[in-house]
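Paired with chain B in one complex and with chain C in the other, chain A is shared by the two complexes that follow.
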Partner chain A sequence: MSSGFATSRFSRGLILTCVVLAILAAVAPVALPTLVKQMTVFWVMVIIAYTWDTMGGQLGYNSFGNVVFFGAGMYASAVLQIAPFTDMAAYTAAGEQGGALVLTNAQYFAGLLPGLLVAAGVGFLLALILGFAILRLRGHYFAIGTLAAGIFVAQIVANWEYLGAGSGLTMPGFPGKGAAGDQAKSTFFYYLCFGLAGVTFLFLQWLYSTRFGLAANAIRDDEDKAEAMGLPTGRYKIIAWAISGFFLGICGALYGNFVIHVDPEDVAFDGAGLGVWMVLMVVLGGKGSLWGPLIGAVLFHVTKELLWTYLLGLQYVVLGLLVIVIVVFFPEGIVGWLRQRFPNRFGERVEAGEVR
Partner chain B sequence: MTTLLQVSNCTKRFGGVVANEGISLTVNEGEIVGLIGPNGSGKTTLFSSIVGAHPVDEGSVQFDGAEITRMNVPSVARLGLLRTFQQTRIYGKMTCMQNMAISAPTGRGLKSMFGGFTADEVTRAEELLDFVGLSSKRFLRGGELSFGQQKLLEFAMALMARPRLLLLDEPTAGINPTLINGLIDRLKRANAQLGITLLVIEHNMRVIMNLASRIYCLAHGRLLAEGAPEDIQSDQRVIDAYLGAG
Partner chain C sequence: MLENIQLLLDNPVALLNLLLDGIMIGAIFALIAYGMALVWGVMNIINLSQGEFVIFGGFIGYYTSTDWTLAIGPSASPWVSLEWGGISPLWALVIAPLILYGIGRAFYALVIFRLVDRDLFTSILATFGISIFLQQLMNGVFTAEDVIAQHGMGSWVLVDGTTGELVIEQVRVIALVFAVIVGAVLTFYLRQTRGGQAIRAVAQDARAARIMGINADQVYARTYALNAAICGAAGVLISMTLVIHAFSGLIYTVRAFMIVVIAGLGNVAGVIAAGLGLGAAEKVADIVIGTSYQTAFITGLLLVVLLWRSLRLGRQRKVLR
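Showing the complex of A and B:
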C-alpha cells in the first residue's frame, strides 16, 4: 500500500513484530508448561478485545452484547459435538452427575471441527439479525440495547432444557486421561486460541487497510456526515458486527471445550464479567488502534491473574482502582496517550508552506 | 439548459411549526443559484428536505428527472446530490488525506465497500487539497484545523465525491475576509472547470451577489422573491424582510 492514508498497513515493522510475537507465543507452552491454562485464556482475551474494538473502537459503537456471539458459539459447538454421539436431552438432563461424555479420538475431532465451523456461522448470523434490529440505535441507546440483548439471550438459554437450562452442560472429555491428558488438552487449545487470535488480528488489519477502515472511522467521527457523503453506513455497521460475531463464535466454542463445563450465565453469556472486561481491555489499551487491544489484554489479564492469586477477596477493589487510575490519567488509553505525546510517530505532521 | 433540481410545492412541518410552506424552486445544470433569507426562515430545512434527511410532508423533489422525495440520504448522495453543513462537519480524528480518501465516490457493492484506494484517487485527493490550499496540512487530523480550514476541507471533500449538484450551507461563515475572496474564486472555478452546479445559502451579500446568477429569498418558511441579484437587491419585500434599509 503506497496510498499513505489507510489506517494501518502491513509495513515491515508490523510484519517483524508479528513474527517475533508468533515465535514467542509458539514456544511459550514449552517454556512455561505450568502457565499454559492462563496463557490460553490470555489469547481468548486478545480475540475478545480485538473483536470488541471493531465495533467499539473503529466504528465507535460500544457494545455490551458481544457475549451473545461468544456464548452462542459455545452452545452451537456443544450441540454439534454431543448430539451426534448420544441423546442430547438425556445427557444434559443428567447434568454433572452423569459425567462428561466419553468419545473416541476420531469422534472427538469429528465433532470439534464442524462444531467450530457452525459456531462461526451462528455468531455471524446472530450478529446480522441483532444488527438489523438494534444498529439503528446510536450512542448510549445502542449500548443499552446490546446490554438488553445479552441478558435476553442468556435468559433464553438458561431456560432451555435441551441445552441443560440453568445448570449448563458438560462438553465431551478431551481424549487422554489424568494430568497428562489435562496438560495435552490445555496445550491443544492453547495453540488453537493463539492461532485464532493471530488470524483474527491479521484479518482485521487487512480489513482496516481497505475502504472499510476509513468508512468505519468516518462513522465513528460523524455518522450524519458519512451518510451525507453517500457511505452505506447501515451495511458497514452490520457487516462489522457480523465479522466480530464470526470470530467470537469460534472463540466461544474453543473456550467452552477448554473449560469443559459450560454454564449459561457464568461462562457463556457472562455479561457482567466478560461483557465488561472486553470493554475495559480496549479502553485501557487504546480504542481503534493497532496494538491497543493487545496491550489492554496483556495489562488486564496479567493484573487479573496476579490479583486473583495474591489478593483474593480484594481483587475487584484493586481492579476497580486500576481502571479509575487509567481512565483519569490515560483517558484515551495507553496508545492514545502515546499518540498525543508523540504525534510524529503516528504520521501526523505539518509540512512547510502556508495556508493560502 | 436542463433542469437538474426541481422542488415543487414542498411543505415541511415540525409539530405545529411550519418550517417550509409550498416552496418551489428550480436549479438548472451549470448554474450557481443563491438562497438567502433571515435566520429561521427555513433555508437549512429546505436543504435537509432536498437530500432526504427530513423528508417533506407535501410536495416533491426531483433530481435530474428522477423522483427523490422519499429516498434516503446516502442514496441521494450517491446520485451526485451532496450537501455541506452549516456547522462544519468533517471527520475529526482522521487526517485530511483520510477525510478526502473516504469521500471518493462510493457504492453499496462489496467491491466498493471493501476495496482499496487507487493511485488515481490519491492523486486527486492531493490535488484537491492543494486546490483549497491545505496541502501542507494533509497529514494533520481534521479536528486540529481551525474552523475556517475545516470549512475548506469540507468543501474539498465534497469536490472529491464528484457531485453534480452541491448544496453549500454558508460556505464563507467564519472565514476571514482575505480567505473569502479566494473561496469565491474557488467556488466559481469548481462551477466552471469541474462542471458542478451550486445552490448556495449565504448571509454575506457581497459574496452571493458576486457568485449567483439567480437568487431565491425565503422568509417565514415561504418563498418571498426570486430573480437576478440586482433585482433581489432592490426588491422592496426583500429589503423589508431581510436586507434592511441600507
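Showing the complex of A and C:
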C-alpha cells in the first residue's frame, strides 16, 4: 500500500476541513446540550483510534494492549488528584461507601493539571519500557503478546490495595452541585477531550509528514528491508509506541475524571472492550489513512450508542458479530474501499485502460 | 511469598500432591493446545475462540449433570443417574464433542473459510470476534454464575500424615486418562488413516494437495470441527475438575497459545510436556503468590516465554514469526 497521505503536507483542503470540523465541534455542546456526555466519549474514541493507528496503521504493529497506557494514565492522575488531599489508602479502602472526595475549586484544578501531565509521562514511560521488551515480537506474536500484557496489567492493578484493588476508586467530584454542576463537568471535559483530539490529530499528521512517517511506513511494508537500509527500526517502533502512550495517558486521565468511577477491569484496562474497539474503529474506517480513524470512530460510536439504547442486554453479542463481519468483509475499511473505487481522488494516477 | 515456599518445602507430600494435581489438570490444557496447534499448523489460523469452545463444552457437561427430573421425569435406568436426578457428566464426554463438532462445522461454513488465505491479523481479530460473540451469548443464554458439574466421584487418600496428605480425586485421574486416550487416538488418526494423511498433506502444501485430488476445503472444515470437538471434550473435563464461567474462556486460549509457543508447531511430545508443566507450575504458583494472581501469573508467564524465545532467536539475528 503506497501512502499518498503520509507524504502530503498540510494542504489547503485539509486545513479548511479541519477548521470546519473544529467550528462544528466547538458549537456542538451549545447546540446539543443533552448529548454532551456522548460527544465527550466520542472524542475519547477519536483519540484512541488515532493513537492505535500510529502503531497499527502506520507501522503495521497491531496492538491489543494499548489499553495499558490508557488505564495507567487514568490511575496515575487518580493518585495525583487524591493522594495530596487525603489519605489515599484509607480513601480507597472505604470504597464507594466513603463517597467521592470533595475538594475546593482551587484544589480540584491544582490536582487536575499535574494529574494530566503525570498521566502523559506515565503513558510515555510505560510504552518505552513495554516497547523495549515486547516490540521485539512481530505480527501475531506481538498481537497476542500485547493482549497478554493488557490482561497482566489489569490483574496486577486489580490486586493493588492502594489503588482500590478490584472494586476501583472514585475520582474527586467536579466542583459544582446538582444537574448544573454535572452539565458543567461534561462541557468542561468535552472541550478538553476535543482539544486533545485536535492536538493529537494535528501532531500525528505532522509526524507522518516528516521522515518519521516514511520510516514508519517502510517498517510496515517490509521491516527486514527497512533494517537492511540502515533504519534504526527498533528505535522508531519504540518512539511511535511511546507517542501513542503519551496521548493515551492524558486521554485515560481525562476519561477517568469524566466517568468518576474508575475500576481496573471494566473502565481502565478493558482489554476485551476498549482494547478491541480501538482496533475495530480503525479497521472499519481504514488503517493508515488520514480520515479513516475519525470515520471509523463516528460510525462505531453511533452504532454503539444505538445498540446500548435499543438492544441493551444483547449489545455485546451484536458487537461480537460486528467484529466478525467488519473484519471478514471490510478489511480495507471505508477509506480503503473508497480509495479502490476512486483512486484519482486519492492522488493515485490511473492510466486509461489499466486493469486494477 | 518466601514463607509459602518454605511451607511447601517443609511439606514434601503436600508439594507432591500439588504437582500431581497440576499435572492431571495440565493434561487437559495439553489437549486444548493440541487442538490449537492442529488448526494453526493446518490452516495457518490462530483460533482465539478456543477458550469459548472449551467453556461451551463445559456448560454441556454442567447441564447433563443438573437435575433433569424437573424437565423429563426421573431417569429410568439407575446406573446412569446420579442421586440428584441428573446423569453423570461423563456422558457429556460423548455428547459435547458431537455438538461442538457441529458448531465447529457451522463456524467454518459461515466465517472461518473466508479466513484461510488471509493474513494472520485478520484471522486473529475475526476469531476474537467469535470469542466475544460466544462468551456474551453463553453469558446470556446459559448462566452468568460460576458452575461446576457434579460427578459424584470420590477421591483416593493415599497418604494421610502430618507432613500433608496425598489425596487424588478420581475424576482428575479420569481426566488425565481421557486426555491421554484422545491424544493417542488423534495421533493415530493423523499418522495412520487416509483422513489424517489428507490433513497432513493439506498442511504441507494446500495447492499440491488440491492437485492430487484432495478436497482441501473439506479437510479444513474437518480440521476446524475436530478442534472444536477436542475443546468440547476438554471443556467437559474442566467442568468436572475446575469451575466454568461464561467469561473465563480467554485464559484457556492464552494457556493453549503459550503451550504451543513453548512446544512449537507439530511437536506432540512438546505439547504434552509443556501442558503438564504449565498445570504443575500454576498449582505451585497458586500457593506461592496466591490464587488471586492466577491470571496475572499465566499472562505474565506467556510474556516471559515470548520474550525468552525472541531473545534466543535474536542472538542468531532471527525473529519469532
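Here is the rule we use: the second predicted complex is superposed on the first by the 329 of 356 C-alpha atoms of A that agree within 3 Å, B and C clash if a C-alpha of one lies under 4 Å from a C-alpha of the other, contacts with A are read in each partner's own complex, and residues count from 1 in each chain.
In the analysis below, contacts are C-beta pairs under 8 Å (C-beta built on N, C-alpha and C of every residue); 3 or more make two chains touch, one makes a residue touch a chain.
Computed from a prediction, not measured in an experiment: that's the story for all the values here.
In the superposed model, A:22 makes contact with neither chain B nor chain C. When the two complexes are overlaid on their common chain A, residue A:233 makes contact with chain B while staying clear of chain C. Using the contact criterion defined above for the overlaid structures, shared-chain residue A:129 touches neither chain B nor chain C, since it reaches no partner. Once the two complexes are overlaid on the shared chain, A:207 sits against chain B while remaining clear of chain C. Of the two partner chains, chain B is the only one that A:221 touches; chain C does not reach it.
When the shared chain is aligned, chain C comes close enough to touch A:144, but chain B does not. Residues of chain A touching chain B in their complex: 1-7, 207, 209-212, 214-215, 217-218, 220-222, 224-233, 235-236, 239, 347-356. Chain B contributes residues 51, 53, 73-75, 77-78, 82-83, 85, 89-95, 97-98, 100-103, 105-108, 112-117, 119, 121-122, 125, 133-142, 144, 149, 157, 161, 182 to its touches with chain A in the complex.
By the touch criterion stated above, chain A contacts chain C in their complex at residues 62, 133-134, 136-141, 143-145, 147-149, 151-152, 155-156, 159, 272, 276, 279, 283, 313-314, 316-317, 319-324, 327-328, 331.
Note for the complex: chain C touches chain A at residues 46, 48, 111, 114-115, 118, 120-122, 124-126, 128-137, 140, 250, 254, 257, 261, 292-293, 295-296, 299-300, 302-303, 306-307, 310-311, 314, 319-321.
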